[in-house]
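Below are structures written as structure tokens.
Look for chain A in each of the two complexes below; its partner is chain B in the first and chain C in the second.
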Partner chain A sequence: MTRALSRYGVFVKLAIQNKMSFRADFWAGIGEALLTFCLGIYLWRAIYAGREELAGMSYVDMTTYLIVAALVRGALSGSPIAAIGSAYMSGANAADMLKPLSYPMIILAREAAEFALHLLFRGLPVFFAGVAFVPFHVPEFVSLPLFCVSLCFAFLLNFLLQFLVAQLVVYIHTWSGLTRFWAILVTFSTGALVPLPFFPPLLRDVLYCLPFHGMFYTPVTIFRGTPPEVSPLAELIASATTLPATAAMVLEQAAWCGVLALLAQAAWRCSSQRFMAQGG
Partner chain B sequence: MLRARTPAQALASTLRCYWEMQSMNVRSRLSYARDTWLESLLFMIQQFAGLMLLWVIFTRVRTIAGWSLPEMAFLYALQILSMSLYRLMFQGVRDTTALVAQGTFDMILTKPRHPLLLLTCRRSNTNGLADLVFGIAVLLSASARMDFVWTVERVLLLFLFVVSANVLIIGLMTAQAAISFWLIRFTALHDIIMAVREFTFYPLSIYGAGIRILMYTAIPLAFASYIPAAVLLGKDDIPFEWWIAPPLVALACLMGAIGVFQLGLRSYKSTGS
Partner chain C sequence: MSLLVAKNVVRQFEVYETKAGLAGAIAGLFQRRTPKIVRAVDDLSFSIEPGEVLGLIGANGAGKSTIVKMATGIIRPTSGSIELFGTDPFKHRIQAAQQYGVVFGQRSQLWWDLSPHETFRALISIYDLEEASASKQIAFLVDVLELKDFLNTPVRQLSLGQRVRCDIAAALIHEPRLIFLDEPTVGVDVLGKERLREHIRLINQERKVSVLLTSHEMADIERLCHRVIVIDKGRLAFSGALESLRETFGRERQMILELREAPGDLSLSSGTVSKREGNKVTIVFEAGKQSAPEILAEVARQYEVLDFHIREMPIDQVISAMYQRQQQARAAESVVRA
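Moving on, here comes the complex of A and B:
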């Protein structure tokens, strides 16, 4: 285990060094994240004008949601689809595949580095700016460790889902359309922009049956401590194990990670057989 | 004996050059026709997903800052149309930063045409076509759902506003591209402009003074979709006489951007290859 970690740790270190060499991009990233956050705050302030509560959430609940969602969005702003897709199109991934290591694990190591950097330099600055200037519910201390675990599962879910989508590049030989497809999924089904309780009941039920809400909605509501509502699967886990709803939500994320890891492994096996080294 | 070309001949030659190079780009893109159209279709679905989110919010409220769902959809459509022609015909200017950083901008300078023309000819993005189709469809659908009649005057105004918005975007993109002549690898301003553009999906009246000043002055994107929508719909006490502002601001922005580009070109030093 330690040996494996040190092997893939090299990729984490290299990815961090590579990212840190583009400091202007980092500052632009923070500026962009702050602007996106401000947009959300202004929009929801206008939506809540003269209203006490919407979809079971008060205005302060909503601003807290937006602050934590900005933290999660910042942390998950890496794009495994773009990394895998562009390496495939240029033929650069052939070099990784020749290494006596697992290719998915190499990509995971690089993405873990991006996740850590984006969390530190994109997510946390916006989070602290939000806490300083916008109404915010201070969470119960006990929900923080669970939030950290949930955030790690959110990263894994994001990685596994994007890894699965990225395998299509071997079949369609383009990746820009795939990133577009991913953006559609994230925009609509994760709760990143509009919390799931706002969706009409039928649509909400469908979205709760999919793994995407585990990327945003789950960690953000766990941070608040009291989820306005949970998915049927999390409810089932909670009633079967007598765990609190938030812990059940984390178990639901873990279950989805397990299922998606198996699917990703199967997809990688199929796509690697069709792999054709391109470029030179 | 060589005879000097008249301005009309020079313009015709420039347009012919532009047409031939863009035709080449389109033919090259269409050699991957399936990917090209799939990308454009997904792009359109992405725009639709944004509109659906707006609909989700409006299942809970009737208006936002006095704007109903059809009015917001109208503004959304104008915002989408504001980049359609730029994406379709002029997006090549975005390549400036990469060309300067890689040292391949020198190739552009060796050709007997103005670099700005050669840059704009580098790319034709079919997502612009998706923008046009989707934007017009949403505009018509939204106007059918409110008390809005399309008169000749309004159609002409819409045409003027869409062209002005695209000229404004071309100006902003040219100016930010020109910064690369001094700062080499500088994409931050482009990202900031795109982030500010997201604000124009909603009425400006919901923002604080700082954001509004920014959008009326330094990055004048208020004139790309908000002012046109407010003039056409008679919203937010924007007087009808303001219809003249978007074309004037767009023209000023384009002229300023060309000036900055020329200035940058003079300071350009090759980075080598």
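Moving on, here comes the complex of A and C:
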């Protein structure tokens, strides 16, 4: 296990070294995260327009939600679809395939490096800026460690879902459209911009039955400590295990990770049959 | 036991051709295009024996790189079988990769921002090598490939020749039994090519590493290979010893002459005029059978020669000559049978 970690750890280290050498990219990332956060704040300020509460959330609840969502969004701003897609289209993936390691695990190692960097240099700066300038509800201390675990599962969910989508590149031979579609899908269905309680009941029920809410809604809600509502699966886990709702939500994330890991493995097995390694 | 055995290997690709022009592009949005099936490798069988340097030659697009990708387990053959170290490299890619090394001349596998030294250290972890023996192997490679002067320079600042040498070293750190060199000399200058060939020859002789060398340069093949296979459009055109290839198909030379004036009729007792372009004439002759000085003297008697040089037939022309001869032989055979 330690040896395996060290073999894949090299890719984490190299990805960090590589990312740190592009200063402009680094500052552009922080700028993008800040502007996206400001957009959300102005949008919700206009929606609340002096109202005390909407869908059971006060304005401070909402700004707190947006501040934590900005932290999560910053941390999850890596794009495995772009990484896998561009490497496939240019044939650069051949170099990874020639290593005596699992290709999906190499990608996971690189994305883990991006996650750590984005958390530190995109998510946290925006989070602290938000805490300093926007109304913020200090969470219960106990929810923080659970939030960290949930954030790691959110990263895994994001990776696995994007890995699955990226396998389509082998069939459709393009990836840029997929990344744009993914970006809007995430904004819409994960609660990144609009918390799930704001959706119509039917749509909300559908979204709770999908894994996407585990990427944003779950960690953000756990950070706040008191979930206004949870998905049917988390409710089932909570009632079966007598765990608090927040812990059940983390277990739900873990369960989705397990299912998606199996699906990703099967998808990789299929797509690798059609794999081309473009170019001479 | 052979290190690699390929039997009746076929690899097909689906190629989607786009219709020309704007109208074609718009129509393409609504019509599902029917893919054209292209056979990049067609019923190919060959093997690599321990310690040998096998040359895989063919023109651009002949299927050389596809063969390397199948042999290394990156892509799967459409039909037929490949066994590398006794197992299917596609099914057991991770285990196979531990035992082979690969260099793609046109695509570096080094990390752009790292120095070769850092890259080698990273590879020790990736291949899970024992520190002492890996350091010894690195020292050997640094010495043989003459990497010392730029060992700590970032890869992006290396010349192409230096970069390829580092790529070769990176492919050999884990002491593979077989190394695939896919056009390692492409784009490298004449001196650099010579040095690379010498390095590869040394590694093959001193470490007994088997080599599958793909190239469309005859000089690479002549200097290094014990045996060659020639492929054309994915099919096997020739397999055998290099001497046999040279004797049979590679003896033709081109003499390119620059004359004072554009020549009219040029009567030659040996050699054939294959091309005329203004005051330049290309004469094809067979080395060993026809004398280059005699041809030159014969031309000089008729026209004033300003300059001349002799070059080997490009490999694609050698292959096309080979195919022509094979087709003629088949045609003659069918006439005799009839």
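Definition applied: the second predicted complex is superposed on the first by the 279 of 280 C-alpha atoms of A that agree within 3 Å, B and C clash if a C-alpha of one lies under 4 Å from a C-alpha of the other, contacts with A are read in each partner's own complex, and residues count from 1 in each chain.
FYI, contacts are C-beta pairs under 8 Å (C-beta built on N, C-alpha and C of every residue); 3 or more make two chains touch, one makes a residue touch a chain.
In this text, all values refer to a predicted model and were calculated from it rather than measured experimentally.
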item: Touching partner for A:102 - first (chain B), second (chain C), both, neither; value: second
item: Which of chain B and chain C A:180 touches, first, second, both or neither; value: first
item: Partner chain(s) touched by A:137 [first = chain B, second = chain C, both, neither]; value: neither
item: Chain B versus chain C, judged by how many residues of chain A each one touches; value: B
item: Which superposed partner A:6 touches (first chain B, second chain C, both, neither); value: second
item: Doubly contacted residues of chain A, that is, touched by chain B and again by chain C; value: 173
item: Contacting residues of chain C [partner chain A, same complex]; value: 13, 16, 60, 64-65, 69, 72-76, 93-95, 97-98, 102, 104, 106-109, 111-114, 122, 125-128, 182-183
item: Interface residues, chain A side, partner chain C - complex; value: 3, 6-7, 9-10, 13-14, 17-18, 21, 91-92, 94-95, 97-102, 173, 272-273, 275-277, 279-280
item: Residue ranges of chain B in contact with chain A within the complex; value: 32, 35, 38-39, 42-43, 45-46, 49-50, 52-53, 56-57, 59-61, 64-65, 185-188, 191-192, 194-196, 198-199, 202, 206-208, 211
item: Chain B-touching residues of chain A, taken from the complex the two chains share; value: 24-25, 27-29, 31-32, 35-36, 38-39, 42-43, 45-47, 49, 51, 54-55, 172-174, 176-177, 180-181, 183-184, 187-188, 193-194, 198-200, 203
